[in-house]
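When the chains are written out, they are named A, B, C and D in that same order, and each has its own residue count from 1.
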Amino acid sequence: MAKAYYSTVFQQPAQEVWEIIRDFNNYPVWVGGAGESRIEDDKSGDAVGAVRSVLYRARNIRQRLLALSDVERVQTYEFCGAPSLPVEGFSATLRVTPVIDGDRSFVEWWANFDCEPGLRDELTATLGGWFAQWLESLRGTLDRRVPGETASVNE
Amino acid sequence: MAKAYYSTVFQQPAQEVWEIIRDFNNYPVWVGGAGESRIEDDKSGDAVGAVRSVLYRARNIRQRLLALSDVERVQTYEFCGAPSLPVEGFSATLRVTPVIDGDRSFVEWWANFDCEPGLRDELTATLGGWFAQWLESLRGTLDRRVPGETASVNE
Amino acid sequence: MAKAYYSTVFQQPAQEVWEIIRDFNNYPVWVGGAGESRIEDDKSGDAVGAVRSVLYRARNIRQRLLALSDVERVQTYEFCGAPSLPVEGFSATLRVTPVIDGDRSFVEWWANFDCEPGLRDELTATLGGWFAQWLESLRGTLDRRVPGETASVNE
Amino acid sequence: MAKAYYSTVFQQPAQEVWEIIRDFNNYPVWVGGAGESRIEDDKSGDAVGAVRSVLYRARNIRQRLLALSDVERVQTYEFCGAPSLPVEGFSATLRVTPVIDGDRSFVEWWANFDCEPGLRDELTATLGGWFAQWLESLRGTLDRRVPGETASVNE
């Protein structure tokens, strides 16, 4: 099973990190390079099955929310249509877990997918690198926040 | 950890069972004894965080959707306010898994909760019995359906 | 992610089914076609990390136990060396869950693996078919047992 | 559901931390205050079902290994006989997850149990505090190690 995986530690509590990630329409708030995002069919960003249509580096991508848990702070999504890499059966998951020691959070982002065996190592590294980059972008967003500021893209 | 658990096998495929359960507002469609149900604050029945307000045997109960997964066909919810039994920290989960042999489904319903130790066995039995009864009610709903009929309470 | 999956329902309680499966050296007891099996390095059949060396249809295969849980009745293993099919990153899991309704059990067997994309559907079907066949062989073993009979290959 | 939970971050890679924890007989190596430990019935420390008999602060405690996974680096155990606190249905789990950023590890220790409702907060705090203390003791063991040193109590 091809799996790309990245994880890191944030100084912010798990709940604070989760509040930004959980809204599936919040992508442009914390992913550098992401432009306009909207949820299709008037769904809310916490509705399982919602499709977000995002402009990412001048390219439109569409992704569907497959699972959302406020208990385990987990979000799983897939691509609608072909993803930008030569992979099939792709789904990705973000999870935020409390680090009690220091009231911080442990943040994981991984993807499962199928691909040509010869491309597996390269694709795994590429995806892992993207997850790292986007989580650094999220870290920047969190570090710049004024305490008490709300997270939503809509405000 | 006090845990009430019930599980059974349905003749219908997992996807068919899941389509009825997954809409958090669909309760009255398949739970015998449940009357009017509505989701508060104009949320949809697949929005995590949605609160359903249901009339069950002439009593109003409110429950919040905590997690929903179309990948594992899982739904988790809790009570808003005090539940009808003397329990605390209650959350319940429904899961539907395919039985490949015969294209059937394996349906589980469990709850975790805290209570007085002396009441644990009784409460576990009571809850397990309710889950059994409601799943029999769901079985009846499924068996009576005309093939192709839609599942929603709103149609 | 390529995944082969098979599941079925047994008439026996989960604990009775699990007692046969959980000993990693018990393979020849319930898998038709499996001949002599032994655990290498004098380990026991419930030691995580144990390697079983089995004669299956005149061919020697070696598999390592990666995880064992008496809580969830789950066993995960991988191949040592190349598996008999053109797959990589293969690991397989067996799980036994109680069906409270009728005191039966729900038995699942799945494998995750990587392969050439063009072979994925065929390999998934082949593996699923093998899991079905071996679980039918386990069903036969269970149905033929005299009540109270022990499960071990060593007795 | 009463749950005590503690988690922290170690500077060492997940595999290095896991190698110490996974042997159920290794307790005295890394838990300060634990004296002689032995596994009953000549089982190995990685055999699921193994019972360790440990002298902890001049008191004998016996614990049974319920699950072990080298895939998820997870260990679950329960008490044989009454635990030292007024709890029932106690089981505890240790998990080690890689922190890719910095090649560190995220270490969690939690317990599920039942108790008198009035004691729940106190017991949850007490157990969480013990897990914190024992993980600090593990951290000290890891920090003092000479690179390449083996982890086993038996060497």
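We take it that a contact is a pair of C-beta atoms (placed from the backbone, for glycine too) under 8 Å apart; a residue touches a chain by one contact, two chains touch by 3 or more.
Note that the structure is a prediction, hence the values are computed from the model and not measured.
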item: Identified repeat of the A-C interface (over half of residue pairs identical), from B-D, C-D or A-B; value: B-D
item: From chain C, the most remote chain by mean C-alpha position; value: A
item: Cα-centroid distance, chain B relative to chain D, in whole angstrom; value: 36
item: Distance from chain B to chain A - Cα centre to Cα centre, in angstrom; value: 29
item: Rounded Å distance between chain A and chain D, as computed from the means of their C-alpha atoms; value: 32
item: Sequence positions of chain D contacting 2 or more other chains; value: 91
item: Complex contacts: residues of chain D adjacent to chain B; value: 1-3, 88-89, 91, 112-117, 120
item: Interfacial residue positions of chain D with respect to chain C in the complex; value: 22, 43-44, 46-49, 66-72, 74, 76, 91
item: Chain D-facing residues of chain A, complex; value: 5-9, 97-102, 104, 106, 108, 128, 132
